[in-house]
Every structure is written in structure tokens, then in C-alpha cells.
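Multiple structures are listed underneath, in C-alpha cells.
One chain, chain A, links the two complexes that follow: it is found with chain B in the first and with chain C in the second.
For the complex of A and B:
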């Protein structure tokens, strides 16, 4: 059941009615039932996976929480009698007790994710395709596995670190794991971010429901009117030489497609949450307005990056071995040595992020390039500062625009690793930008033969302009367009929304003959 | 305040709905151009329903080969052809169900060629099949018969892409035509011309038959259970409504009507005491000349062939169907049919002149 299908809208409509009509105490149960119905539509055979993650998450978190609570109670009772060392020793003992099952749970769950991702590449894919019982895993990952696994394991780590209290009700754990708007492509919520609104009671709030629907509509527009059109054009460009200008145009198209597709899907997910009174974390903050790559990664796929930072980068950085390494290296090679754990942490984090996207060299290379660019720009920042202080470039408004365009173009090139299964070809095509321009594709009609018409180009152009204006308004006012629109007379507002709905229905790419409904990140 | 809000919402909903209906009317195919007139046939029936003694259902073998005007002129038989391109057996059944809500004929004739298609997968590519489904179903008025017809007819791709919703709101299917809107779409925004003569789609061209048609042998010629199920349904429906059910095979040369098919239809007709008219066996009796009476080398008849066929068929029907009578002196229908004859002759003259 795709977010962009009529059956999904019907499903959501029924859910909203039931959600607000039934007693508020059981709202979360209604959500769980709806989430499982949604998951069943994705394929019954996948259900065992999410159930396994849910059960193991519940068992280990309640076990650790019980131990932690018993420890706290014991220490409070014997506070006066215990020495500092005894307290430390006792804490360590409990930690060790928890660690065993914690490590097993994390290893087994990530092992499953690892295994399933492995089956998507050769020669494992061929083996899986021919092996009864698991042949379905050769086609793709169980729906949302990369997302629900990270969300659940984040919760397990939080409980282990005593940053969160475990849920005592297994069905609530099930809902946290399988909450359906997040299953397709995130966002990956942290337990503390979601628990409050997910399990609390919600009154019907007309404004919130209307806002949620408007956000969903915005997502449908991005996905169905812009992203799916660009997907056709990129498919068409793949059949061309893909060098020089063709490569550059393809990277621009891909940047438009990926943003409209991914952020559109997230808009739909967050919009669904809003109609149900549930607040999910934002995953994008106008990433194409970033001034540098580090800024970009604070604005793009925020929840994954937060996860990676919280659960991989920081723990590596502050781990005992790294601190020791830092001290030793500092003594030998000075400041660079002190920064060694940061480099190692960044490298492992970016490799992890790459692998999360899939076991493919293109993702590894993508992660490495990001890592190198970010680390280099951080290390060179004193040089930049000197340069900027001398030239006063930062005082000019035009320089900010230059930085934005520069960052966009850099990310454009880095991101386009996605487009090539062969990493060598990717670098060759980047090289072609310098020696094989192929300007003729702009004039010989090639762009008119890649599956979309002149009218389609016009629609995409209008769509991109609308997205740009909306982003600009958000950036300038710090408020969403929906909030800004509240000052417009209601009649005008409704007419604008009605027109928007008609635009989506008429100009959307959906139905027979269109490969709509699948989100790029839905396959990860 | 609340009343004002409700009023604003209601007005907005009405405006949006009206706009969507407008776009739907603009973007659905009109089938008025020469190439795809078949698509307009099913909807035309409703303007001609009510007093037909004979109803035909089936694929192009009925709407291209039988002339109801000749049947009227020569035998006083009032008839209508509810045919559509590649109409499958189950679609014929639901079209029959639909027609019986508007009239009670004395004879129903089903052309058996479509029985060779055991499922939509055997009747063309999924894209072709979807186009044929549209031509056979979209023109039906909303009823349980239409709903059931949709359910049994949809291709896998249709089921995955909106399913029945795109039949309920055709804009969901045809929205992508926004960049193909032509003068025809504006011209026929709110009305359609009659493209047929009581369901007969007239062609006057001549493309003679050259050589013989051959087919690859099939592994199995047995009609599918689904086909037999719907043939039974048609037969039972006729029995329940006291209508004579007749089977017919038009005399066209391709697709080839294999002996194995023939044997099964003959056995079925014999089992249930049905009249079966295989016109392939009477080509000479009808006087059909494959050099002059076909517009596409024997796949379909032109108007001259259709008139010869109808001349022959009319006599067979008068002989085999005791319920039929010559109604040329029946004033309740003769005036109306005189106008139909006039339109038919005008159309024929115009086509012959190449207008």
C-alpha cells in the first residue's frame, strides 16, 4: 500500500475517523492495529522480521530496565553503607550483566539487517533467489527494515545507557517499532522524541488535522508532480552517453528528484503524524540553502545523521581506547594526533552511513568522499578564516549566494555516485566534465527524447520555482508556509488549497504506465 | 462563525468538485476520430434502448459484420449490437445484464470468437487489454453489472494502479492526457455524435484477401472454465427472462476458428438445445466475395459484406427463432426505424464519397 495510492488514502481516512471516534485511551492500540494492517499489505512474509525485532527489543529493554531499577533501589537503600569504590564496582557489575544481552540483541538484529542487505548483492543474491524460503529476500529488504531497526536499536542503546526508561507494555514497544508513517522511509525517531506524543491521548484538533493534510498535500506535490517526472528523464539520460553536459544535467535532475522524492515522502509521513496529533522529528531543513557541506549534513536526512552521531560517532570519540590513542598521538605528532579519534570516528560513521544505504562500492565511496570533504574543511577552517578576514568576502551578500551555489554543486557531484553501479564510470564521467563537454546534447534535441515532453519540463520548472519560493519563505520567516497562510482570508486560502489539489490530480505522475508510488529511500 | 466556516468549506468543495468534473470531461478520450470510434459504441446503446427484438453481444465480429438496418429493411427485425473491441465473454455477460434493465428482447445472439480467450492475458498485451477494457466498460452506466464487469476484467497492472477507482473517476486514468488535449476534446466536451447505426460501425473501404491465413498450433484448445462459467451465465439469464439464446460465429477469416473450438461450441449448443449459426460454413450461400466485401483482407467485412451477411442471417433468424416477427407495419417502431434507415443511407453515401 503506497502512500500515493487511493487505497492508502482510504485507509488513512478510516483510521482518522476511528482514531478520534473511539475512546482516547485506546488511540495507541488503534495505531498499532493500523500499523500492522499497513505492514501486512507490504507482505505477510516480512512480518516475522519486524516481530522478531519488537520481541527482542521488548525483552532486552525490560530486562535491563529491571536491573537498573533494582540497582538504583539497592544503592538508595545502602547509600550510607557503601563506599565510592563499592558503588562503582556495583554499578559495573550491573552494567556487565546488562551488557551481555544488550550486545547479543544488537548483534543479532543488526546481523539480520546485514544479512538481508548482503542478499541484495552478488553472488549472495543469486544464491538467495534459488533458495526456498528466503528467495523473497533477493528482491528487496523487508519494508522499512533499515528504518525500524535503527529506531528500535537506538531505543535499546538509550535504555542500556539509562537515558530512557523501558516501556513495560510489549504492545507499546510494537507500536514504537512499527508506527506506519515512519516505516516507508523514516524519519528515524529517537525514543525520547516520539514517546510523549505517540502514547498520549489526543483530542481532535481541526487546525492540526488541517495542517497535517496540507503537509501531506505538499509531499504529494513534490513526489508526484516533480520527482516522478524527473525519474523518467534520468532513466532517459542513462541511455545517452552520460558524459560532459549530459552527466551534469543528469546530476542536476537527480538532485531535484532525490530532494522532491525523499523530502516529499517525509512531508507525507510527518503530515500523517500531524493529522493524528503525533509529532515526528524533521528530516530536512532546506538543505539546498546550505553554506558548506557540514551545514548541508545538518539539514539533510537529519534523523539518520543524528542517529549516527549519537550512537556511533560520539561513543567512538569518547571511548577509552580512543582517549588513550589521542594522548599518545598528541605526544608524538601534536594537534593532528589529538584529532585522530575524530578522524577515525568520522571515517567509521561515514562508512556506516554508506553501508546503511546498501552494500555497494558506490555507497562506500560516497561515504568516504563526504568524510574527506567534511574533515578537510574542518581542518582547513583556520586558513579559510584568515582568508575571509583579509578579503572581507563574508561581508558581501553575494558571497553567501556563492557559498550556497558552490555547496549545491559539490553535493550534486557527490550525490551522483548513486546513479552509477560502477564507481569507475562515475569518476570517468566526472573527469569528462573537464575534457568531453558534449554541449551538442543541449541543442540536438537529446533532452526532448528522454521520456518527458517540453510541457513536462515546464511543469518541473514551475514546481522547482514553487519549492524554492516556499523554502525562501520558510528560511526568511522561520515559519511554515501553512502558518504564514493563516493571515490570508480563509476563502482565498481554501481556493489556493483546492487549486493545489487539482494540480496534483491532473499533473501528477501516477496510474497505468507510470512507475509511481515507490520512494527512492523506500528501497534502502 | 461556525456556519460561515461550513459555508466556505462547502463552497470550496463544490468548486473543486466542479473543476475536477470539468477536467474529467475534457481529458477522457472521446473516440470520435476515425481511428478509435469503437470506444464510443458501448455508451451509444442508451439512446437506442427500449424496443429491440434481437440483441447482439460480442467483439468486432458483430459490430463490423452485421447490419441491423438491413435486418429491419428486409425482415422487419428490430435489433441492436452491443459490441466492443475485443469484448471478452464475461464482458458480454455483464453488458447483457445491463441491457436487460432497459428492455426485454426476444432473442440474444452471442458471437463465440471471444471464447478462445480464457483470460485477459491471452487477449493481447496488458496495455492493449487495458485499452480494450476501457472501450468495453467506460461507456456503461453505473450499475452492479458495471462494477462486477470491472472486477472480473481488470488486468494486474490496473489492479495495482488504482483498481476500480480509475473506473469510478476516469480522471485518475486519463489525467496524463493534459498535454494531448485536441480540438476534438473541446468539441465533444459535453456531447458525443452517434458513430454507429444501432451498434454497427460502418466501413466502406475494400482491401481484398490475398492468400490464406495460418496460425501456430496451440497446445490446448479447450475453452477455459471462466469462459464456460460466463457462457452458462448468459444462457441461464436468457432462460430466466424467457429469451432465446443463440450462438453465432461470424464468417471472417482471421483469427482462425479452429475445428477444436467448433466441436466444443457445437457440443454445448446440442447439450442445451441452442441454435448455433456458424456463418463460416455459409460464405458461398451469403455470396460474400473476399475480393470486394472486406475492408481489411478478410478480418472484417465492409458494409457490402455486412449487408449480404445480414440478408442471409435475417432469414435464418426468422426460420429458427419463433418469437421473432416482421414489425415493418408496427407503427410504434416503423417511424423511428425509417429515420435510422435515412441516417444509415446518408452515412453510407458520405463514406462512399470519402467525406
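For the complex of A and C:
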């Protein structure tokens, strides 16, 4: 059941009615039932996977929580008679007890994700396709696995670290794992971010429901009016010409498509949450306004990056071996040596992020390039500062615009690793920017023969302008357009929203044989 | 505390760490700075800040970070 299908809208309509009509105490149960119905539509065969993660998450978190609470109670009772060393020793004993099952749970769950991702590449894919019982895994990952797995394991780590209390009700763990809006492509919520609103009672709030629907509409607009048109153009261009100017055009098209597709899907997910009174974390903060690559990664796919930072990057850097390496490196090469473990941590984190996207060299290369650019700009920042202190370039308003355009173009190049199955072809096409000046493709009608018409280009152009204006308003006012529109008379507001809905219906890209619901990140 | 302020000042000489309490919220310290601080603190005070303590509240000001170091030294 795709977010952009009529059946989904019907499903959501029924859910909203039931959710607010039934007693508030059972709202979260209604949500769990709806989430499982949604998941059943994706395929019954995949259900065992999400159930396994739910059950193991429940068992290990309650086990660790029980141990932690017993420890706290014992220490409170024997506070006076225990020495500092005894307290430390006792804490470590409990931690060790928890660690065994914690490590097993994490290893088995990530092992399953690893195994399922492995089955999507050759030669394992062919083997899986021909093996009865698991052949369905050769087609694609169980729905939302990359997302729900990270969310659940984040919760397991939080309980292990005693940063969260475990849920005592297994069905609540089931809802936290399978909450349907985030199953398609995230966002990956931390337990602390979601628990408050997910399990509390919500009364019907007309404005919140209206805001949620408006946010969904904005997502439908991005996905159906802009992203789906660009997808066709990219496919057509790739089949026609992919070097030189065509490559450059393709990178621009892909940047438009990926942002409209991914952030549009997130808008729909967050909008669904808002209609139910549930607040999910933002995944994008106008990434194409970033001043540099590090800034970009603070604005793009925020929840995955936060996860990687909290659960991979920080633990690697503060681990015993890394701190020892840091001290040794400092003794040998001075303060710069202290940075060495930071860069090792960054490299491993970026490789992990690359692998999360799939077992493919293109994602490894993508992660490496991101890491190299961020580390290089970090190390070169004193040089930049000296340069800017001399030239005062930063004082000019135009320089900020230059930084934004530079970052956008750099990310276009890095991101376009996605477009090619073969890493060699990607580098060859980047190289072609220097030798193939085929500007003729812009005027000889090539761009008119790649699947979309002049009218489509105009629609995309208008859509991009609208996205830009909306982003600019958000950036300048710090508020959403929906909030800004509250000062407009209600009638005018309704006319604008009605017109917007008509635009989506008229200009949305759909039809027989066209599956609009295929979100790019839905396949990860 | 003096040594801690020196560590922080070494990373961002332009910031007044004795008064600033929005080091994370104000995006002054990034994740690279934080792990560098953890390594420097380890070298200076022989205190290992665990990953679970690497939360914004502990790094938003020099005094919050100092309180964390004191707590860890005490344990």
C-alpha cells in the first residue's frame, strides 16, 4: 500500500475516524493494529522479520531494565556500607551481566539485516532466487528493515546505557518498532523523541489535523509533481547520453528528484503523524542552503546521521583503544596526533553509512568521498581563516551565495555515484566534464526525447521555484509556511489550499502502469 | 577548570567559554570538536568520558562539562 495510492488515503481516513472516535486509552492499540495491517499489505512473508526484532528488543530491554533497577535499589539500600570501589565493582558486575544478552541481540539483529542486504548482490542473489523458502528475499529487503532495525537497536542501546527505561508492555514495543508512517523511509526516531507522543492520549485538534494534512499535501506535491517527472527524465537521459554536459544536467535533475522524493516522503510521514497528534523528528532542514559539506550533513537525512553519530562515531572515539592511540599519537606527533582517532572514527562511520545504503562499491566510494571532503575542510579551516582574514571575502553578501552554490554543485557530483551501477563509469563520466563539451544536447532536441515533454519541464520549473520560495520563507522566518499562513483570512487560505490540491491532482504524474509510490529510499 | 578552559580555547579562540552556555545549541562545537575534547580531557585529567554521557546538556557550557568531569572523577 503506497503512500500515494487511493487505497492508502482510504486506510488513513478510516484510521483517523477510529483513532479519535474510540476511547483514548486504546488509541495506541488502534495504531498498532493499523501498523500491522499496513505491514501485511507489504507482504505476509516479511512479517516474521519485524516480529523477531520486536520480540528480541522486548526481551533484552526488560531484562536489562530489571537488572538496572535491582542494582539501583540495592545500592540505595546499602549506600552507607559500600565503599567507592565496591560500588564501582558492583555496577560493573551488573553491566557485564547485561552486556552478554545486549551484544547477542545487537549482533543477531544486525546480522539479519546484513544477511538480507547480502542477498541483494551477486552471487548471493542468484543463490537466494533459486533457494526455496528464501527466494522472496532476492527481490528486495523486507519493508522498512533498514529503518525499523536502526530505530529498535537505538532503543536497545539506550536501555543498556541506562538512558531510557524499558517499556513493560510488549505491544508497546511492537508499536514503537512498526509505527507505519516511518516504515517506508524513516525518519529514524530515537526512543526519547517518540515515546511521549506515541503512547499518550490525544484529543481531536482540528488545527493539528489540518496542519498534518497540509504537510502531507506538500509531500504529495514534491513527490508526484516534481520527483516522478525527474525520475523519467533521468532514466531517459541515461539511456541516451551520459557524458559531459549531459552528465552535468543529469546531476542537477537527480538533485531535484532525490530531494523532492525523499523529503516529500518524509513530509507525508510527518504529516500523518501530525494528524494523529504524534510528533516525529525532522529529517531535513533546507539542505540545499548549506554553506559547506559538513553543514549539509547537519541538514540532510538528519535522523540517520544523528544515529550514526550517537551510536557509532562517539563510541568508537571514546573507546579505550582509541583513547590510548590518541595519547600515543600525541606523544609522537603533538596535538595533531590527537586528531588521528577522530579521523579513523569518521572513516568508519562514513563506511557504515555507505553500507547502510547497500552492499555496493558505489556506496562505499560515496562514503569515502564525503569523509575525505569533510576531514580535508576541517584540517584546512585554519588556512581558510587566514585567507578570509586577509581578503574579508566573508563580509560580502555574495560570498554566502557563492558558498551555497559551491556546496550544491559539490554534493551533486558526490551524490551522482547513485546514478551508476559501476564506480568506474561514474569516475569516467566525471572526467568527461573536462573533455566532452557537448553543449549541443541543450539545443538539438535531445532533452525533448528523454520521456518528458516541454510542458513537463515547465511544471518542474514552476515546482522547483515554489519549493525554493517556501524554503526561503522558512529560512527567513524560522516558521513553516502553514504557520505564516495563519495570519491570512480563512477564506483566502482555503482558496489557496484548494488550488494547491487541484494542482496536485491535475499535474501529479500518475497513470496506468506508473507506480508513483516507489520512493527511492523505500528500496534501501 | 583552568586547564579545561585552555583546552576549549585552543579549539575556538574566538569564543568566551567562561560565559557561553549554548556551545551545542549555538552550533559552536561540532562532533569533531567534541571527540577532540574527550581525548584532551582524558589526557589532562585521566578521565574517560563514556559515550552515554556525550549528550548536548553535558557539552553546552564549560561549567556543565566541568561538572561531568568532577562527577566522573568522583566515581
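Definition applied: the second predicted complex is superposed on the first by the 522 of 524 C-alpha atoms of A that agree within 3 Å, B and C clash if a C-alpha of one lies under 4 Å from a C-alpha of the other, contacts with A are read in each partner's own complex, and residues count from 1 in each chain.
Note that in this section contacts are C-beta pairs under 8 Å (C-beta built on N, C-alpha and C of every residue); 3 or more make two chains touch, one makes a residue touch a chain.
Note that the structure is a prediction, hence the values are computed from the model and not measured.
Engineer: Chain B versus chain C on the shared chain A, clash or fit?
Structural biologist: Once both complexes are aligned on chain A, chain B and chain C fit side by side.
Engineer: In the superposed arrangement, which partner chain does A:317 touch: chain B (first), chain C (second), both, or neither?
Structural biologist: second
Engineer: Tell me the contact category for A:494 with respect to chain B and chain C: first, second, both or neither.
Structural biologist: First partner only.
Engineer: Go through the superposed model and pick first if A:51 touches only chain B, second if only chain C, both, or neither.
Structural biologist: After superposing on A, A:51 lies clear of both chain B and chain C.
Engineer: From the overlay on chain A, compute the angle at chain A's CA centre subtended by chain B and chain C, rounding to the nearest 10 degrees.
Structural biologist: 170
Engineer: Of the partners chain B and chain C, which touch A:505 in the superposed model: first, second, both, neither?
Structural biologist: First partner only, chain B.
Engineer: Looking at A:341, would you say it contacts chain B, chain C, both, or neither? Reply first, second, both or neither.
Structural biologist: A:341 contacts chain C only, not chain B.
Engineer: Just the number, please: smallest Cα separation between chain B and chain C in the overlaid arrangement, in Å.
Structural biologist: 41
Engineer: Which residues of chain A touch chain B in the complex?
Structural biologist: Residue positions touching the partner: 5-7, 453, 455-456, 490-491, 494-495, 497-498, 501-502, 505-514.
Engineer: Which positions of chain C touch chain A when the two form their complex?
Structural biologist: Where chain C meets chain A, its residues are 10, 27, 30-32, 34-36, 38-40, 42-43, 48-52, 54-55, 75.
Engineer: Which stretch or stretches of chain A touch chain C in the complex?
Structural biologist: Chain A residues touching chain C: 84, 88, 161-163, 294, 298, 309-310, 313-315, 317-318, 320, 322-323, 326-327, 330, 335, 338-339, 341-342, 345-346, 378.
Engineer: So in the complex, the part of chain B that touches chain A is made up of which residues?
Structural biologist: Spelled out, the residues of chain B in touch with chain A are 5, 8-9, 11-12, 15-16, 19-20, 23, 27, 127, 130, 157-158, 161-163, 165-166, 171-173, 175-176, 178-179.
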